[in-house]
Amino acid sequence: MSFNDELVSLLPPKYKGRLSITGSNTGKRLELYIDPCDVRSILKAVYDAGYNHFIGITVVDYPMENVFELVYLLSSIERNGELLAIRTKIKRDEPFIDSVADIYPLAYYQEIEGYEFFGIIFRGHNGLRKWILLDNWEGPPPLRKDIDTRQIVLEIFYGGKRYERPRQWRSLGGYSGLERGGENE
Amino acid sequence: MVFKAIILGLKYLLRKPYTRMYPYKEPAYTTEHTRQRHILRMDLCIGCRACQLSCPADAIKMYKIEGDYPKNRLKIFPGIDYSRCVYCGLCVEACPTDALIMTDYTMEHLITEDKATTLYSPLDLARPPETPYRITMSKDTWSPLPQAPPRKSHSG
Amino acid sequence: MAEAKMNKRFSFTNWVRSRSLWMIHYCSACGAIELPPNMMAPLDLERWGVMPAPSPRQSDVIVIMGYVTKKTLKVLLRLYHQMPEPRYVLVGCNCPATGGLYWDSYSTIKAIDEFLPVDVWVPGCMPRAEDWLKGFLKLREKIGDGRIECPRPIEDLGELEEWIYREVKMREELMRSERG
Amino acid sequence: MSKALTIFLGPQHPGAPGNVAFKLVLDGERVVDIDLIPGFLHRGFEKMMEYRRWDMDLVMCPRICVEDPDHVELSYTHAMEQIFDIEPPEKAKYIRVIIAEFSRLASHLLWMMHFAGPIAARYATSWAIAAREEILKWFDYVTGHRIYHHYIFPGGVRWNIPGDFEEKTLKVLKVIEPLIKDLDRGFFHHPIFIKRAQGVGRLKASDAIRLGATGPNLRGSGVQYDLRKSLRYDAYGEIDFEIPHGEYGDAYDRALVRLREMYTSIYIIRQALEKMPYEGPYRWKLPPTLPIGEGIGRVESARGEFVAHIISAPSNPLSRSLTPYRIKFRGPTMPHLTTILKHIVANEEITVADLPILIGSLDPCPPDIDR
């Protein structure tokens, strides 16, 4: 893998030195750290440089550092599936970033995921709503690190006890409610 | 075209039926590696809870059972909830003493009208199945594993 | 009441009912992957009179194939209430029985028998193709013996749906209060 | 000018591709707009996997896509191996190729059922399922399970292959190859099928790339792009094969690509069996704790590019963690059912009767949208 000259020439001067090659095996990739305000201009430049195949947005929550890291994964089919990861960090208490849905059509749906699972607001996106989580979950975005869904589920369905069958409120049939087995530990 | 289709159809018409005549004429299809019901050897179990901690479905609960088990000082044994078990075999892999093994005794015997019956205590697990079965997963499944060598090249 | 008593011994009606079980064609989750071998050549469930029906109005059995999310539960209940009596419930896989592998998932239902009267449980993850067949046979046996009450003593759709919403809402309220 | 009508397709519908619903806007017979309604299969995998140890996560991950489970395992394994910074043993690489190709075959044969069913070609579904059954029996023999195998493992494969692996595999291939050939003759060259599928759902190559299509749907449009060839992961680098591709990008081309891929898979399996070293280690021992790092596993699954992006960071700075910090899965189905379906419906006259063919030819697997 080598640096793509076209890509380097299209990048703004401030980012020219920041491009690096990392990873191994199938994860070998070009990486670029950018500031969140430049996300639209960089992704437009990258699209023109041939990285027009959008793979996805990975959002990582770091509550200790109070940031969300967004990793835009793009690949170029002309350059034989070369992977480009564009990383940016936004503040956790002000989760705003520009939408790129008009450059990459698939980003529209990936951004909805980012909104419903992490609560990131993509500015300029016209359809931020609950999409997958509709009817399935009410409350704050569940994939944030400070929401302990396992504890919530344990409290509600299992009475706080692990390794037990769920606490049932009623049974319409098919369950005698008898617990078999020896004495509990 | 029509004749070709008729010949192709005839070929399948005259073939022996593919259907397995389960359950009355043929038993369930299992192989010598099918992972199904566990058997607990209570004389080997040391009560270390490794199986419980390695279960992704939290299906294993430890029960206290009094009896003459010199190896098991705490007298705790695993019981498996077969309404939660996913038959991944990680518990067998984690067991240090080969006390927990898997057989090809399939789950057709557990189909029930009352789901309380699928909760197996250690004593239920220790009882071998009534019908013939094969041991399909035990410590013999793995030979000792070698350590990984470092990756050769880091071509950037 | 009289009908319930009648059902206890052999009746021609039950025998006939048990011989032709049409199931709803609704692949609600991953357990559905083992149904094609049952419906097609490898095991051929039509030997036992089981076949998929395209709509709930024509079907006798609702088969729950795997985990049930809150969103699917609403669909399942609606389907169940569109079915004519007699109707039976066959549950496959572990997840609807106890939560299964998704025991700590925030969006799945942990016990389906809180919402539907279950006749037969087929444990396993996945249940093997043969297990599904055996489950249908067990259901058939149960119907033939007249051990299933018919019609079911169950609330009408409005009442039940209200109950579900109340239940789900209540749990979600609980979640919210616990978060503080 | 007739009034636009909004109706729902699915989730309970014999023509629906699994548990997923669509909202259609109709103008007479023509579908004007289509919106996906996902979420019926949402379990919150990414959150659940953050709570479990990395080896338990391997048991979780095949459940994301039930039709093609081994490629999910493979992508997870690739990402994990990058974090551990190891290379699998030579023998395991070949076993993985064989397992992955059988998974692809099984998935394509199941797709035959989804595709031929709505056109009422019951014979094709029956043959395909019979061929798939042979593969499932083979999986049962090698890995111990019919559907979820948990066989591909970080550091190699989980246990050694049985002694008569080669004969068994060749025997299975001998059974399924004539069945696939009969499908080729009996279904793919059937005039009714050709008339129904040809010209439906045209997708140009440039649009396919821009909208995010991968896998057979992209190759059906004439783009020769296959991660097996371009990344040469596992033992694919040593195996010589051709990428089948279509020309016009309609439903018929996409179907034909899948059929040819089945032949290619059989060819790859035969070659891998020949080249495989039958001696040597099959799995490395790995430590229970995860090093800090990041891995991206990209594999060419039966439906397209499957990506597992795993980040391992300590959740508290003092200890090394047993669980990954964040896992993101990107399934190939999301672009197929959202952007591409919308694009085709907007640019072409698709009637309600064509919709099952169109959706079937895209081969969706809804759980990998919902996860």
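Going in written order, the chains are labelled A, B, C and D, and every chain counts its residues from 1.
We take it that a residue touches a chain if its C-beta (ideal position, glycine included) is under 8 Å from a C-beta of that chain, and two chains touch if they have at least 3 such contacts.
Worth saying up front: this structure is predicted, and the values here are computed from it rather than measured.
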| item | value |
| --- | --- |
| Chains in simultaneous contact with chain B and chain C | A, D |
| B-D compared against A-B, more contacting pairs | B-D |
| Between chain B and chain D, centroid-to-centroid distance (C-alpha), Å | 27 |
| Length of the line joining the C-alpha centres of chain A and chain C, rounded to whole Å | 35 |
| Whole-Å gap between the CA centroids of chain A and chain D | 22 |
| Junction residues of chain D, two or more chains touched | 39, 42, 44, 47-48, 51, 59-60, 85, 87, 127, 130, 133, 148 |
| Chain A, residues touching no fewer than two other chains | 24, 133-137, 142, 149-150, 165, 174-175 |
| Two or more partner chains touched - positions in chain B | 18, 29, 56, 58, 81, 83, 86-87, 113-115, 151 |
| Category of the chain touch graph - line, ring, star, complete, other | complete |
| Residue numbers on chain B that touch chain D, as the complex places them | 1, 4-5, 8-9, 11-12, 18, 29-35, 54-56, 86-90, 136-137, 141-143, 145-152 |
| Interface residues, chain A side, partner chain C - complex | 133-140, 142, 147, 149-150, 152-158, 165-166, 168-175 |
| Contact set on chain C toward chain B in their complex | 41-44, 47, 94, 97-101, 103, 113, 118-125, 127-128, 130-131, 133-135, 137-138, 142 |
| Chain D contact footprint on chain A (complex, rising order) | 23-27, 29, 52-56, 58-62, 71, 73, 77, 80-81, 83, 85, 104-106, 108-110, 117, 131-137, 142-143, 149-150 |
| Residues of chain D that touch chain A when the two form their complex | 38-39, 42, 44, 46-48, 51, 78-79, 81-82, 85, 87, 209-212, 223, 225, 227, 230-231, 233, 294-299, 305, 307, 309, 311, 313, 325-326, 328, 330, 334-335, 338-339, 343, 369-370 |
